[in-house]
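Two complexes are shown next, each including chain A; its partner changes from chain B in the first to chain C in the second.
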Partner chain A sequence: MTSLATREKMPMADAALNQGVATADDGRRLGFALTLPAQLLVLFIAVFPLLMQLYISLTDWSPLDGIGWWQAYELWNSFANYTDLMADTRFWGALGRTALVMLICVPAEFLLGLGLAILFMDDFVGKRVFYSIMLIPMMVVPAVAGYMFFMLFQSGGPVNDILSGLTGMNVSIAWLSDPTTALIAVMIADIWQWTPLMFLILLAGLVGVPEDQVRAATLLGASWWQRFRTIVLPKMKTIIIIALAIRIIENFKIFDTLYIMTGGGPGVATETISVYIYKVTQQDLIWGYVAAIALVILISLSILVSLAISRMNKKKEA
Partner chain B sequence: MMNRSVSFEIFRYAAILLALAITLVPTLWMASMAFKPIAEWSAAGADLTWWPKNPTLDNFRFIFGTSTSDLIVALDRTAGKPILSSLLSAVFGTLVAMSCGTAAAYGLSRFGSGQNLPLALIQLRLFPPMAVMIPVMIMWAFLGLVDSWWGLALIYGIVTLPFAFWLMKTFFDDMPREIEDAALVEGCSRTRVFMKITLPMMRPALASSALFVFILNWSDYLIALLLTTREWVTIPVYMASLSSSMTGQLYGAKAALGLIAAVPPVVMGIAIQRHLVRGLTFGALKQ
Partner chain C sequence: MTAIHLENLVKRFGAFTALKTMDLEIRDGEFMALLGPSGCGKSTTMNMIAGMESPSKGRILFDGRDMNGVAMGRRGVGFVFQNYAIFTHMNVYDNLAYGLRVRGLPEREVDGRVRKIADFLQLTPLLKQPSAKLSVNILQRLAIGRSAIVEPAIFLLDEPLSNVDAAFRAVMRTELKHLQRQFRQTMVYVTHDQLEAMTMADRIAVMDHGVLQQVGTPLEVYNDPVNLFVAGFIGSPGMNLLKGSLADSDRGLVVDLGELGRTAPLPPQLAAAARSNAGRDVVYGFRPERVSLSETGEGMPMPVTFIERIGARTIAHLGTGEQRVKAVFDNDVAAESASTVAVAIEPASVRLFDAATGVAIREA
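And then the complex of A and B:
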């Protein structure tokens, strides 16, 4: 698509140049042509689908009704989906669970990643190899990682085997069939997979802290913790915010590993918001209702993010 | 900034080795499982086998349908087509994202076109895919794109467009403009400069961005789960569907498939580790 557009432009642009038209004009036209495909894709995936979602969310439409989505007005129910949502305890439960997973996983990943990054700051034998190995978990396909942990947490699996070895007792916890341990297991899988991301970003930040300042502080007799708190952390602020923001956003979407491990069960014990929406989409098939849930989430997220951005901008000005 | 005392070095190695062990055990367990015969799959009654006692390639033969010696069940379809589906959708999705993303990034970086794109694309990345899939499923059904690798490639291209755009934008921003300017003075048109000078110069950046985007596309599970049903299911969807009433979980077979799925992105990721930070932070941070 792109190469076609540019190739068509080429003779025209050449002609323009020969005729002495300003290159700025030429550049503007080329710039427009180059950004067009991306703009069209964004329109295609954002504007029309959102309008469709809004429309369907005001109806009881389901793909099983035998009428096209555009005829969904026949099943108009005004704001019933939205009022239902307010009373939907399963939805609020899933939202709370998603928040709980985030509140445990993201700080754990941050602290572990930061600790590892500090250990990796200066040179030591084997650093490069260790560094590469450290990155493996986040490269593994999340669904496959989910399957790995599904195997690890079987009652006759390696986790219980290691625990038995360590405690000397015969541990046989059925991790994935108990509500509490199942939630712990899916969080461990998430922490395993995404601590490397924190490690990678934070290490890049730590390496970027100007060394002379740290050395000067050392000469002045500042302790390790004083140097870390007063020089390193302030310099790392933006990077820490970026790393946390990325993990918060991604963790909110948590689905693949978790769904493969537990399918959201036992019961609804590990049902996060994505799993909940997926189940309503595939099993209950009330797409009008799903559209309403999805819109509520999209709008809340947009508000949260614009609030965060405006706060950051204000701080920058101050 | 560290005190390089002996006790600290000991602590460092101990902590790192522990972290490495935790990192590797899940992966190694799956790799070992992939080569275990059915008798060693689960520890029912017996001791847990950490390393296959009788290593075998039966699991791989089984998922490709050439041997079912130990497994009484026969698969109704083999892993060949899902692997092909994963490959085609990820490769063409990467092509869509990279061509649109690179062009747009250059347009913005050099000519200031499409000022709305950076934020719009970040927002695209922000939303959980599950919250936008209803209209996508309806549109894909309407366009006849459901259960096809090309339908997957299109949505993958859109989903990873933000990464392609942001990565290439930072690379273009970093690139010195003197060479382009010199060519312009020589009388080259801007289009020709882009095609003949800029793009060839950016080859390493294009390659690592494309690998990064490919890893993301290859890793998808949720979108393929929703948009494919039978013909063109991808590896993760196929893997999740592998189980049988006779033997329950087909541990070894799934592990073999998981190993096949896991190896390409791990190798590629290590190959481009220099650019990973830039990719993961939308270019906010360059290593």
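And then the complex of A and C:
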């Protein structure tokens, strides 16, 4: 019975196999043709601008020069923009500040978001209301958030009033005029606005942790912290990586709220990479230089993020 | 090695009472099955023993020690989940070592004990394998090993075979019983499958609607069900239960089954018990295996509605209206549909139940 069935099936299988071999090449060609429009689209929106940027970054071109960007070779300066960049202290300052903001804001948002997400795993009175309130900051337009914090941090503003009330002293810090406090204020605004996103992503991750495995760990005598470290965190690995990657990339580009609050000032105290690029573009109009900056940022950010992700992967596997 | 004592255990979830009242003694080293249909309170009982739920009322004692307020990780209870709850992000070794590592044991001792239990459960060649893709019987062994390595006094198993296909269940049953014999631990096993309970348990606690119905060895529960629920639930098919009323005849006390006529006289001791019972309305019960059919012989005449021949067994469906009877025979029986046969019931197998209360009428 079995042998009969096998014998009957054999020729059909052979035919299918032959057919597959015969059409493999055609199939590949057809597949290429079918994906060509999409590939061209990607080429035009991703690869082409990148090449254009590279080209301009090797010139002194500015839109005020009266020639099209494709004629920028007339202003060719080789790697002058890049060598200038290496010596540009304002650029390095902005880069360092951006890194500092990221190193403080992203971990703070992560820890706050995780803590809140853990709280929201339990039931408590008013959970649904709090849940809705939690998400509001994320939905506020960054420009509006910027003006909000601009007003909050005025020397006669509510932040100082609250601090006065708490300490019993007359606090009148000029938050946005002092280099240190301005940077703090800017970071507080970013943390306020983006903790909810972390919270939302991490809550989804927590909900996805299989409850019975956590229970099994409890029954084996694991404490809360042991369960969290050995079961919950490893299960959330992927989602944590995604959340951190999103925020690292986004935070590196911090601009709108910050620009409205301080405009990068006082002086350059809160000038991040985005603010610096904006100023160079708008005020100095040296687009070749801007293109060089942007390219350096893009490459270094790519390296940073892929390094971080691969390290996190390795650490969890070990 | 611990005896479990459940005292007046009650569990309510809001307005819903999952467990009305439960008194049960589980002996040291015993394999006790909690058997019942879904929603009978068996899982709730087990969760309370494990400490995952706290009782609304009553006490749980381990060797006389009140477990109320003892956290679930500190009760010395090993729990095997329905889906085994293996830590899928760890390999077999780390799963086994988990309970020892969280106790902060030195890694050398952990390693020794993991290798010992892996050897015992024949998991040694799999130690480095990721646990996410193991087959079910290995998952079961791993789940048991992971619990057993911390040497719990009690093992609780929550329907561990319900996700396994029927053919494989027999293998798993044998293996599980074998493991229990070797560990000699008190085991509480929750199941809705009577075959699992009958084949593995030392004693069975039959539950229904949050009430413990009967506790006994598999044969006690099978032979002498205390009430109609147990009689109908245990056995496949369950006990034949016919409504009738007691009647006197010149040969002694009989049961009038209405359309089906009168039964053979009851055995003297059962008759005496039935006479002292207040009600006249009874339910007449007998096992389908305790019936013989003949075309001409003595017995109650019953119409044959349907004959099921399964090979090893043949099930005859007999009777009319609400009074239906199933009879099970080895191999085959000489009866055909639409004929009438004489049904003779083995007198010693007859059980009577009070129709009003459902409780078995027992020989005093």
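Simple rule for what comes next: the second predicted complex is superposed on the first by the 258 of 318 C-alpha atoms of A that agree within 3 Å, B and C clash if a C-alpha of one lies under 4 Å from a C-alpha of the other, contacts with A are read in each partner's own complex, and residues count from 1 in each chain.
FYI, contacts are C-beta pairs under 8 Å (C-beta built on N, C-alpha and C of every residue); 3 or more make two chains touch, one makes a residue touch a chain.
Predicted model, so just to flag it, every value in this text is computed and none were measured.
When the shared chain is aligned, chain C comes close enough to touch A:P234, but chain B does not.
Contacts of A:I201 after superposition: chain B is touched, whereas chain C is not reached.
When the two complexes are overlaid, the chain among chain B and chain C that reaches more residues of chain A is B.
In the superposed model, A:S78 makes contact with neither chain B nor chain C. By the touch criterion defined above, A:L301 reaches chain B but does not reach chain C. In the superposition on chain A, no contact is made by A:T180 with either chain B or chain C. Look at A:T89: by the touch rule set out above, it reaches neither chain B nor chain C.
After overlaying the two complexes on the shared chain, residue contacts for A:N170 are found with neither chain B nor chain C.
Once the two complexes are overlaid on the shared chain, A:T218 sits against chain B and chain C alike.
Shared contact residues of chain A with chain B and chain C: 218. On chain A, the positions that touch chain C within their shared complex are 210, 212-213, 215-223, 226, 230-231, 234-235.
Across the complex, chain A is touched by residues 50, 52, 72-74, 77-79, 81, 83, 85-89, 98-99, 102-103, 146-147, 150 of chain C.
Residue ranges on chain B touching chain A, taken from their complex, read 1-4, 9, 12-13, 15-16, 19-20, 22-27, 29-30, 33, 42-44, 48, 50, 96, 99-104, 106-108, 110-114, 117, 120-121, 123-139, 157-158, 161, 165, 184, 187, 189-192, 194-195, 215, 218-219, 221-222, 225-226, 235-236, 239-240, 251, 254-255, 258, 261-262, 265-266, 268-270, 273, 276-277, 280-281, 284-285, 287. Against chain B, the residues of chain A that register as touching in their complex are 1-3, 5-6, 9-10, 13-14, 17, 23, 26-28, 30-35, 37-39, 41-42, 44-46, 48-50, 52-53, 56, 63, 69, 115-116, 119-122, 124, 130-145, 147-149, 151-152, 154, 156-158, 161, 192, 196-197, 200-201, 204-205, 207, 211, 214, 218, 224, 227-228, 232, 238-239, 242-243, 246, 249, 252-253, 255-256, 259-260, 273-274, 277-278, 281-282, 287, 290-291, 293-295, 297-298, 301-302, 305.
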